[in-house]
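In what follows, subunit A forms one complex with subunit B and a second complex with subunit C.
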Partner chain A sequence: MAPTTLFRSEEMSLIQLYIPAEVAQPCVAELGELGKVQFRDLNPEVNAFQRAFVSEIRRLDEMERLCRFFNTQIEKAEIPIRPLTAAAYGSRARSAQEIDDLEEKLKEHEGRIIQMNGSYETLQRRYLQLTELRHVLRETGGFFEQAESRQDTIRNSMDEGDASTPLLEHDVEQQNHDEMGRLNLGYVTGVISRARMQTFERVLWRSLRGNLYMNSAEIDEPITDPDSDEVIDKNVFAIFAHGREIINKIKKISQSLGATLYTVDDSADKRRDAYLEVTGRIEDLNNVLSNTSQTRRAELQKIAENLTSWTTVVRKEKAIYHTMNLFNYDVNRKCLIAEGWCASNDISIIQHALKNATEASGTNLPSILTELTTKKKPPTFHRTNKFTEGFQAVIDAYGIARYREVNPGLFTIISFPYLFAIMFGDVGHGFLMFLFALYLVLNEKKLAKVDNDIFSMFFSGRYMVLLMGLFSMYVGFIYNDMFSLSLDFWKTGFDWPTEYNSTDTIEATPNGNVYPFGFDPSWHGSENFLLFSNSYKMKQAIIIGVIHMLFGICLQVYNHVNFKNKMFIWLEFLPQILFMSSIFGYLTFCIMYKWSVDWWALDENGNHIHNAPPNLLNMLIYMFLSPGNVNPEEQLYPGQGPIQTILLLIAVVCVPWMWFAKPYYLKAQHNKHHYQSVAGDDDVAYDEEQNGHAGGSNEATEDDEEEEEFEFSEVMIHQTIHTIEFCLNCISNTASYLRLWALSLAHAQLSSVLWDMTFKIWFGFSGVIGVIGLFIGFAMWFSLTIFILLGMEGLSAFLHTLRLHWVEFDGKFYMADGVKFEPFAFKTVLEAKSE
Partner chain B sequence: MSGYNLIWVFIAGVIASAAGYLLTPKGDNQTVIRTIIIMTIACCYMSWAITYLAQLHPLIFPKKTGLRPHLE
Partner chain C sequence: MASALFYNENDGYIDGILRGYFSGILNQTQYLNFTQCETLEDLRLQIGATDYGTLLQNEPSPLATSTLSERLTERLVDEFNYIRATAVQPLSKFLDYITYQYMIDNVILLITGTLHERDTHDLLERCHPLGQFESMPALCVATTVAELYNTVLVETPLAPYFANCLSAQDLDELNIEIIRNTLYKAYLEDFYAFCQTLGGPTAEVMGDILQFEADRRTVNITINSFGTELPKEDRKKLFPTIGRLFPEGNAKLAIADEFEQVKATCEVFHEYRPFFDMSTSGKTLEDKFFEHEVFLNRLAFQQQFNYGVFYAYIKLKEQEIRNIVWIAECISQNQKDRINSYIPVL
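Presenting the complex of A and B:
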């Protein structure tokens, strides 16, 4: 059993569990709490509706629906739900009795809530209707009085031409009813939404040809419509017309347009009585409504206390039954057979958990765990802790590692913050970043519960940001850049002249001292600082890039050894590394050599010993264009010509080596294997069948067939692509590392411009203006530092570092075609559902 | 101040890495801690060494204009 390291994924074993049917549920619950086994589906042909535990799942589905219903009700009533503490997650498995009880309780609660909701709605509707009626009663009083004075318009179409008594001239209360009846003057009163008022009037006018008198008044307050539950403005209307047919027509039209009709008595006394009665009823209803809502609230509060734990229990049970559906039910021995992947190092823990579950349930039937040998490809499992998790996630986003291949996540822990720091190097900014990450780390437990998506992204990378801050501070000291200012701790390596005028350009002279750590502060503020620092940063980027990529190529060796392909070290690794080293390794060497030579050194006579310092870029280009010819005036070291020719030859030889060696080797292997396996074919087939008995026999024969299948042309094409890709990538990836220079230049320039433009300009002022100016200037400088330099530049550098890791580094050795290990764990089930 | 400082510091780095390698306690995180220590020493040394090497024999010297006259 291999020890646990992050270097490669864990060794996985295929285990088979025999669980007696009685203890199945507790055992699976225990395994769910443990979260270390990924179960395989042993019934792939079975439809989801035909599986063994469908009825239980349906029951639990119903219970989950009830919980969701409670959830929405509680949220509508704005009652806070008590969240579950972390300890409660680890609650024990529920027995079947407890699930039944829970179901009963849920159904009971549901019944009560639905009842209360229903009665509340009915009461609410009644209340609204009464409110509208009250408005109608109020307003129509005015209408009837107005109708008195308008009786001429109505009477015009009537037969009684000389009816001397005008309709409503006399005392309205006494004669109203009779006269109305005599003249067939009917009225329709009701309420309609203000938006529909115009349409209503127009339709009525058109259909009744103007034989009506309509009056309306606005209701001041917006009313909640009882049917649609919206708050809208309404108008009261009263329509006076004669003839029963017309009245019926009016009623039909108003109902079709969504008006609510209310009958109103035409005598003012009766209307007043009705008004008082309605007001009284409204008071009563109000009381009843508030009582009902209070009771409902109390009920919901009671539910809210337990809702989270109920929901958790229901979800866990559902997950358990879903998992049990994957098992094979052995009728003869009344037990369930489960198959799954788990880490080999975890087998004893799993056995222990099973034993606990069996003991807790009180039976004596043990569960048996056996390991199977198999040729199937296991899932990849990296055992991470809270520190390494963030880095591993970054690599997994690119691709999951193949089973047992080298894990780049281990090296990312340091190389990621380092490359980030090269692009971000500033002591001040690094320190601020470090403080931010420190806050996140120290308040881990509290901040883990925050729900915001963007925040949780930063939170999950808190250790990465911590290291990024630390490295940025270190590289900031090296670049001697602290909020764009330089620090001078040690004696500088340059001496400045003391005799000069203000208009002169003065040049410093070296005094033999080398600034021990980082950039010499004499460079700060000089005109040609960029000339020096650009050259330095570009060369540094190339050196770091070449070393990073060579390291990536070297990691191949481990993969070849681990997958029993030692020959590939000679066929693939060696030509790759020779190609890379002979061109770019040589370039790195030249960079470092050129730096180590004192080009301006004078001999005893005062003459220069060396020629002028050569341009490295030209040197590399001419190495390819005219190999072997090196101009003595521009040589880097004596003997350069022949050495460069040899290196070029090595590189040229490597290309066909990479291209043809591996396919021909594989072909030779295949031929040899083919002859051997024809003889031993029968034995091999029987062995495979015995091993994969629980549904695995298909895969075994597939493996056999795979080995037989070897297309030389396919391998050749694949290798061609691989070779071309590698050779071109050598150049492009090396150049790609120049982004380390580009971003650090941008950062430094931004930082210095920000300082100069927002803060430094205020130093010249004094007095009140100076004070206020400095205050504003600092505010601007600090907020822009946080948002632009830390936020924007930080994200940008992060992205570029990510790209460098994914493409340039991982591309050299990482296969990334694995399957992730996803164990059955309640934690993941609960987290997934809550999203 | 000479180029040989580079070599002394390199040797010091190697010794520190070896010490880190040998002295990490056994356990689940041994590989991680070892990798962190060795890689940090390597990266930090590389950065420092490149900077030091680049300034050993400078090819150009700083120029400044518009300075106020030297006081002393």
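Presenting the complex of A and C:
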């Protein structure tokens, strides 16, 4: 059994479990707690609602609904629920008996809550009515007084209108009016929501043609509608009009527009009595209401204490039955048969867990675990810990590794922070980043609970950030760069002239001393510093890039060996690595060689030993344009011409090698295989085979389902694309690594600009201005350093590193067409639901 | 061309949202799963697996068909309201036009209900939420056509459509039917004209859909008026004048007396011919109309840069709701042999 490493994914086994039906539930519960098995669906053709345990799931669904119902009720009552703690995770899945009890309990609680809600609502509705009535009584008093005076004017105007009628008649009418007026001026009083008021007025006006007198007043007390539990602003209105028909119509309109009507007596005394009575009743009702509310609250509080653990239990149970729905019954329906993937190293743990579960349930029927041999593609499982998790996630985001292929995640742990640091190299920035990550790491237990998308993104990558900070400090020391300033630890290798005029350009002369580590601080601030650092950083980018890619190509070997394709090492790996190293490997060599030569050395006669340092870029270009010829003035080393010709020839030979060798090898393999399977019994097939193509189709059907049909043209096309892609990518990917240089340059320049523009300008001042200026300058410099350099620049460097890993490095060997191993675990079930 | 150039500037986002909604419309396999359900609980499980997701999860069992239909409609209305809130002119106006037809339905529902002295609140609950307007409840008070207009409808967008109905006096069964059809005719013509002003693919797509709608109404009115006291001149007045049957078809239908004549008139058009072929399958004319409507609406989604998709989506979704409710009813009433007469949308 292979040991657990991050280099390859775990070895997986397909296991088959025979679980006696009566202990199936506790067994699956135990496996769920363990979270190490990914079950396969054994009845994919069965509809979701025709599976074995649908009724149980339905029951649990109902219980989950009840839990949600309680949850909303509790939230409405603003009672704090105990959060999902580690203890709650631990609440075990229960036995069937306990589930029955729980269901009973939930139902009981629900009944009580619903009843209480019901009575509370009735009471509240009554309360609402009484409050509205009270307001109506209070407001209408004023309306009636106004209306009375108004009535007189109405009557007066009618009198005037009647002026033409004979006097006698008029008198009679007048008397009638006096009586009728009192009797017939009907009124409607009620309450309507303020939003509807306008429509209400408009509709009334239109349908009665203005024959009404309406008065309304706002209720300042907010009124809660028991149906929707929303606070609604309402208005009291009173409408006076003549005639029974019209009054009826008004009533109908008001009711259909959602107004509540209250009858009010027109005598002021009776109104006052009613008002007092209503106020009294409201007080009584208030008592009852608060009592009901109290008991309801107490009940909810009781529920709130247990709700989390109930919910957890229900969810776990549901997950168990969902899993059991994937299982098969054996012929006697006594056993459940489960199939699933697990890491081969975990089998003993699983067996142990099963044994525990069966023993705990007190039955003597053991569950049986057998390992199956299969040709099915196993899922990929990388066992990670909290340190490697973040790095693996970066790789998984690109693609899940094919089963047992080399996992780039392992190398990413170092290469990622390193490439990042080359772009981000600065001791100060690196240190700040390191501190931030250190804070996250030291408080990880506490911070793990913070529920914030952006924060949890940083948090999950905390170890990555930690390493990125450390490496940035390291590279910062190489660049000798700390917030764009230099550190001066050792003796510098340059001497500055001691006497100079401040306006002159001065030149430092080498004193033979070699600065032991990183850039010599004398470079800082010098005019040609940028030339020097650019040249260095550019070459460094190429060297690191080529090494990174060559390493990626080399990793292919492990894959070829592991997948038993040793021939591919000769057919694919060798031409690739030769091609790459004969062009770009050679370039790297030249860079190193050029560094190692003292181009300005003189012989004893004072003549230059070497020619002027040659331009490497031109050298590479002319290696292709005029093979074999090297301009003696630009010669790097003697014998350069022939060596370059040989390298070029190697590279050229590699192209057809890459292109044709593999497809023809595969074809030969296939033919050999085919001869063996059809030898002797079918001459026709043999003839067909001779002709070259075909053959694959009739064989595939009888062969194992795993074996794919072989189509030569397809393989050929695929290989053509692959070859062209590889050759072009060699150039473009190498160029792509130049981003290391570009970003590093940008970072250094940005940080020096920031230093010069916000902080350094204040150094010249003194006195109060100097103090205040320094204070503001520092604040600006520091916050901009944090936000722009650490935040934005860091993010951009991160993204570029990500790209270099995904495209340039992974592209060389990583197939990434695997399936992720997703074990059945309560932990994931609960976490997914609580989101 | 210009509309295609600038379409995304104003309506691109909401068009994307809508096409996203559209991809959630149930497909054949999902319907197949639905029809295999034994109980409504099974159906709830199946609906949970579709784009409706958690829609029904907080409904207590047992589930009633009416709740199901309510929830489904609610979802549609939510989607529509979101689209309406995000839309700008002229799309918002287009969307308003869609709501007018529901307003018409609601108005008719309320006055019919009032005529039969049904409880106002029940009636209000049965109104389609897309067609609700502020003063709608006051419709219950009206007793004559003039009153109806003057009290309520005058301030709604339906007012201009209503102008033709004012000749009728009393609100009786026949008059209500006439009002409904007159309103609808005016609405269709107005909507059609509006779509034509928008031009481009909208005019084309909506033109097809609305013309078919008009023809469908013409045919329905004709068939339904056989044997009623509706005079033939009045019948002609109810026919929308935008359909493909207009004018000769309309003229012929106006004087038709029996089904055969309708058939002969409509068979001029190749697309309409199969509707009247009653020999095949047990489908009614109504079903075939629905099928063709679904087909036209689906076609709208083949076109880019047009507003027709908004109309089509609402219609398709409505059909889907009808389908689900039909299946649910069949399940709950144990009529499983008729469960397959739903009209597949995709």
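Here is the rule we use: the second predicted complex is superposed on the first by the 740 of 835 C-alpha atoms of A that agree within 3 Å, B and C clash if a C-alpha of one lies under 4 Å from a C-alpha of the other, contacts with A are read in each partner's own complex, and residues count from 1 in each chain.
The criterion applied here is as follows: a contact is a pair of C-beta atoms (placed from the backbone, for glycine too) under 8 Å apart; a residue touches a chain by one contact, two chains touch by 3 or more.
Just so it is clear, the model here is predicted, and its values are computed rather than measured.
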item	value
First, second, both or neither for A:E62, with subunit B first and subunit C second	second
Touched partner set for A:P516, first subunit B, second subunit C, both or neither	first
Contacts of A:S256 with subunit B and subunit C, given as first, second, both or neither	second
Which superposed partner A:V203 touches (first subunit B, second subunit C, both, neither)	second
Partner chain(s) touched by A:N364 [first = subunit B, second = subunit C, both, neither]	neither
Touching partner for A:T498 - first (subunit B), second (subunit C), both, neither	first
Subunit A positions touched by subunit B in one structure and by subunit C in the second	none
Subunit B to subunit A touching residues, read off their complex	1-3, 5, 28-32, 35-36, 39-40, 43-44, 46-48, 50-70, 72
Sites on subunit C touched by subunit A in the complex	33, 36-38, 41-42, 45-46, 49, 57-58, 60-61, 120, 124, 134-135, 137-142, 147, 150-152, 154-155
Residues of subunit A that touch subunit C when the two form their complex	47-49, 54, 58, 61-62, 65, 68-69, 196, 199, 202-203, 206-207, 249, 252-253, 255-258
Subunit B partner contacts - residues on subunit A that touch it in the complex	4-7, 383, 385, 387-388, 410-411, 413-415, 418, 422, 471, 474-475, 478, 493-494, 496, 498-510, 512-520, 522-523, 525-529, 531-532, 536, 539-540, 543-544, 547, 592, 595-601, 613
